[in-house]
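Input: structures, listed below.
Next, two complexes with chain A in common: one pairs it with chain B, the other with chain C.
Entry: the complex of A and B
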């Protein structure tokens, strides 16, 4: 047994030392594997980044009430009467009240607005959210990075930090046209990279009047005593007659939005990556067959010297696996450098633009790396087997100078 | 033995190697074929018209325009016909199943946009029988399994009825197919008067006016003229061609073009590297044979073309298989993806095939051509 291991090691060493002879073709195998890994990692990191942004948005201790048989903000509509009924409830409904015994709440409305982007070419649809003055305090992790909040009733906006970077004219103190009227930029807010940063916030009544949505309420946000108090609130809502209302936690609201798009990105990425992997496997097979044919005489010689078939197989296979691993490492390293932190955007909830950052996380790298390694292993097996089957006499005659 | 026979024998000298190369090439062209079918499909702006203009509110496409604009647009010189429409987005059965309804005056629409949508007077005639009748696009009808005579219920996201409900009932009166497979038919056409009479707000407004310029009038000039008409009105307008609008709209989802280019680029780079290297290797292995051929009197150019023919052979067979698979995939893909494998994709792919075949063959072919007879014969 130990002699087989020694034989394997000796042959592997000879293999690796002969690599410079086939440098170009071996490099091309490693690079093609690296490219496959990059493509897969690109798609997966996009899906991951999208998920990360949305799951990082929202808090489990904030409840969002929606109406109209939907669990999305767009399309939700809460009658003003229902809000008043809720506000009038004096019993415990699981939400925090202020000193005066009133609910800590915000009625909100999202309006899509179009804004010219930096590049000057296209228009982008952004979400303008009208909220009550208590709205910003109902969001965890949000802080002002510049300026101040909008004043109640005034036509002022606070802009997410990401949007402010991306669009010209969102400087603090600037005037910006949204819809048919001008707004003054009062400040910027940051929210730890969450989806909130892709929004523009303004006073509820200012938004309603500017966009002719008098009296409309899309969502009603409340701060819960504790995350489990959501059940109490849901029970209380059942008693509000008239329109059916649903309460979900803010965290669930945003997490629910992420799954579909993230799945779609993965659904797009996997087939492409697998197709490319098939191509790369064919390339790896070719490379390793060339490697075997390049070493025909060496292999035949050591076999004639009494080396076993197994070391011949193992050495060639190990070479392929090493090349595959090398490619996988280059691929993951390159995608980590290239994609991590890349700003991407797509259309999120409310049909408005949502910016997110690509995230090459550990499991993304692992998945990509394993695919690369698998290409090397699969592509190396057949040629390694062929190496053990070399007809010795014919092989030794191959170069009779 | 003719030249082609020689090339073919050379290719099949190591059949597995050639087959594997063909697999590589097939995969790259399959990816190319699929992505190109997607970008030229109904989910892109390719099928959109450059001539037809859409007039929308300058404050954003979600803001309506007063119907009074219609008469002023119609009186502008250079306009062949104009129609109005209101958009209604909603869902059927569950929220994921989003459908779009365009509420129009069918008579006006057919004059502006009839040929692009594949509308005929016979097709729109049944709409006149009842106000809640709709025409459904073929792609939408196929995806939902609807047929003529079905009653459907669309729950709108925004547009509410006067009684507060957002459910709109329709009866399918016909199915329109669009001008070409690239036309987007994933929507339905309803009667404006039905929706306008029942909706709670924005009554007597339109989301867009659709304008067809006279043949001799350039659409970009007309667009600027229309916007000038309303520059200082209550509702200033923004006029764009259908294509411009769609391109800008799609770019918001993702820079699809960039992603496609990157993926296709990566696939082709991989392919090129593999094929060039394998061919260099294959030629080096055969150096002795080239020496023999040369000493038999084969000219340098015939050696060059021998190797080039071999790589071209691999590319044409492999690429052909890849494109055939792509075509098959477009036939079986769900209609929502809207894949269209057009003739122009085929032509482009064939051109890429030839170019890559020659490019990858060039290095090994020149190597084979350059080698001297004595050096070649010494390798054995």
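Entry: the complex of A and C
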């Protein structure tokens, strides 16, 4: 081991062993860093959880056709004639057909409905999706967890598992008022935590008649032969005249929604975390300056004995970095305990509430931890330099410890 | 003040000038100081506060530099060395004994003594052996694991001396080494310094206010207003 490393380790050891003398201020530095890490991890885990929920929702083997010049279901309108033209195409349009030769598809309509929650938080807007009986089978990973699916034409609903837990009156067999009419809860479904679980499903015609939307179709879902068959479908759509239609994969539809909202969350979270980080860096600088001041005699003594400037710098910097790392570990551990799996909700697609779980993933912890470490490194650099400039005469003038 | 020939001079200050600025006004400390100390001498430097004792000691330690003149120790021109070279020179040629011991409170006795050895290419075992030897020499064998706070002032100063000599330097600089001790402890420390000088041949320069401490030196130099005004030799 080189002399410089031995000197650095000896000084670092002396620094760390003297920490109890500066316990309060050192802890406050670590905790302020932990707080910054927590705030950033909170935002990032929210973005990550939102992304995870939405990216786990769509399937690349399902195409969604939208009309009206939009790439979202809300605002989309597909004329009935366009659907009929598609259904009448006998050539290969990239879509799976059933035994009768018909397209495996579902016309759908989403209606926002106000529902009172059991948290006393007033009314929330939920998405009531009207679909054809084939609609549930077009969703990958969906499973009935209780009861049965809605009967064609009946005023029955099946409720996503998350909504069933959160809202009163969604028990199987209960009657629930949505809009101006009562609906019977036929069953609950789960969908591996995806955004589908934040929806209520019902028969398309029942929804149309209850909300006076006769003939309206917002989206037309089709099961593709394979994901690459989307191009074939898009070519077929180009032949449908009269209205501009777009076909995108269900996976892309939800990924697009997720990236917009997740980017917004990050855009909000990073500046707040960085502003707090600047404050924490100032705190770290102050703490380390007081650490250097506290150890003036010790630093000057070892320098008078012949220790170099470099170990003085390195040991002080390493102390700051270790305190930063300690704060980062506390912050990531606390955010993991506090946020991971925490249920949150936001207004998602179709202006309806979407519930998701915060996810403190490995990259969230790494990003938060690195920010905490950076605070220690940046905040410790100047005091470490100051430690090398201490006048050595301080050692000879010093009163004993 | 030259009582030795140049060949014998281990420490030689020639026409050394030093001043400190207080505000814009330079306050002169030395205006042409000359001093030679032969190898293996034991010199006590006395004088009133402000006479320049500490400045002289700082310069001999390479902590401070003269504004002009020559500062030569063991053939090395300290006044021409950079900061890093002076650090290295201190590590290999000099030990300092401080008035208030300056032990690192979070390190035990052995670790405090070991500090100068970290600057040398020695294995952990070699360092341990040398620390054991000097602790034995200062009469603190068996106290390796004790922390400074658990020791008396006299014991702490012995640790300070052990730290100063563990790397076997030729020069020992002592800044009021007994200034914080009772008479009995002070005499023990001074006996030890005399032993190091007479038996091990260390060159000792000791700044002190205590005339009784000065009696242990081979000669005493009196510094006043930046010049040596008197010299007493031990009987």
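In this text, the second predicted complex is superposed on the first by the 393 of 401 C-alpha atoms of A that agree within 3 Å, B and C clash if a C-alpha of one lies under 4 Å from a C-alpha of the other, contacts with A are read in each partner's own complex, and residues count from 1 in each chain.
Here is the rule we use: a residue touches a chain if its C-beta (ideal position, glycine included) is under 8 Å from a C-beta of that chain, and two chains touch if they have at least 3 such contacts.
Just so we're clear, the structure is a prediction, and the values are computed from it rather than from any experiment.
Aligning the two structures on chain A places chain B and chain C side by side, free of any clash.
When both complexes are overlaid on chain A, the residue A:276 reaches chain B alone and has no touch with chain C. Look at A:297: by the touch rule set out above, it reaches chain C but stays clear of chain B. Ranked by how many residues of chain A each touches, chain B and chain C are led by B. Using the contact criterion defined above for the overlaid structures, shared-chain residue A:7 touches chain C, although it does not reach chain B. Residue contacts after overlaying the shared chain place A:59 against neither chain B nor chain C. Residue contacts after overlaying the shared chain place A:393 against chain C, while chain B stays out of touching range. Of the two partner chains placed by the overlay, only chain C lies in contact with A:306; chain B stays clear of it.
Remark: in the superposition on chain A the angle formed at chain A by the CA centres of chain B and chain C amounts to 90 degrees, rounded in steps of 10. Nowhere in the superposition do the C-alpha atoms of chain B and chain C come closer than 12 Å.
Shared interface residues of chain A, touching chain B in one complex and chain C in the other, are 399-401. The residues of chain A lying in touch with chain C in their complex are 3, 6-7, 10, 13-14, 17-18, 297-298, 301-309, 392-393, 395-401. Of all residues in chain C, only 54, 57-58, 61, 63-64, 83-84, 87-92, 94, 96, 98, 100-107, 111, 115-116, 118-121, 148, 163, 175, 180 touch chain A in the complex they form.
Contact residues on chain A toward chain B in their complex (touch as defined above): 22, 24-25, 28-29, 31-32, 35-36, 38-39, 42, 68-72, 74-75, 77, 79, 111-114, 121-125, 178-180, 211-212, 260, 272, 275-276, 278-280, 282-283, 285-287, 289-290, 293, 344-347, 353, 399-401. Touching chain A in their complex are the following residues of chain B: 14, 16-17, 20-21, 23-24, 27-28, 30-31, 59-63, 95-96, 155-158, 160, 164, 166, 201, 235, 247-248, 251-254, 262-263, 266-267, 269-271, 273-274, 276-278, 280-281, 285, 380.
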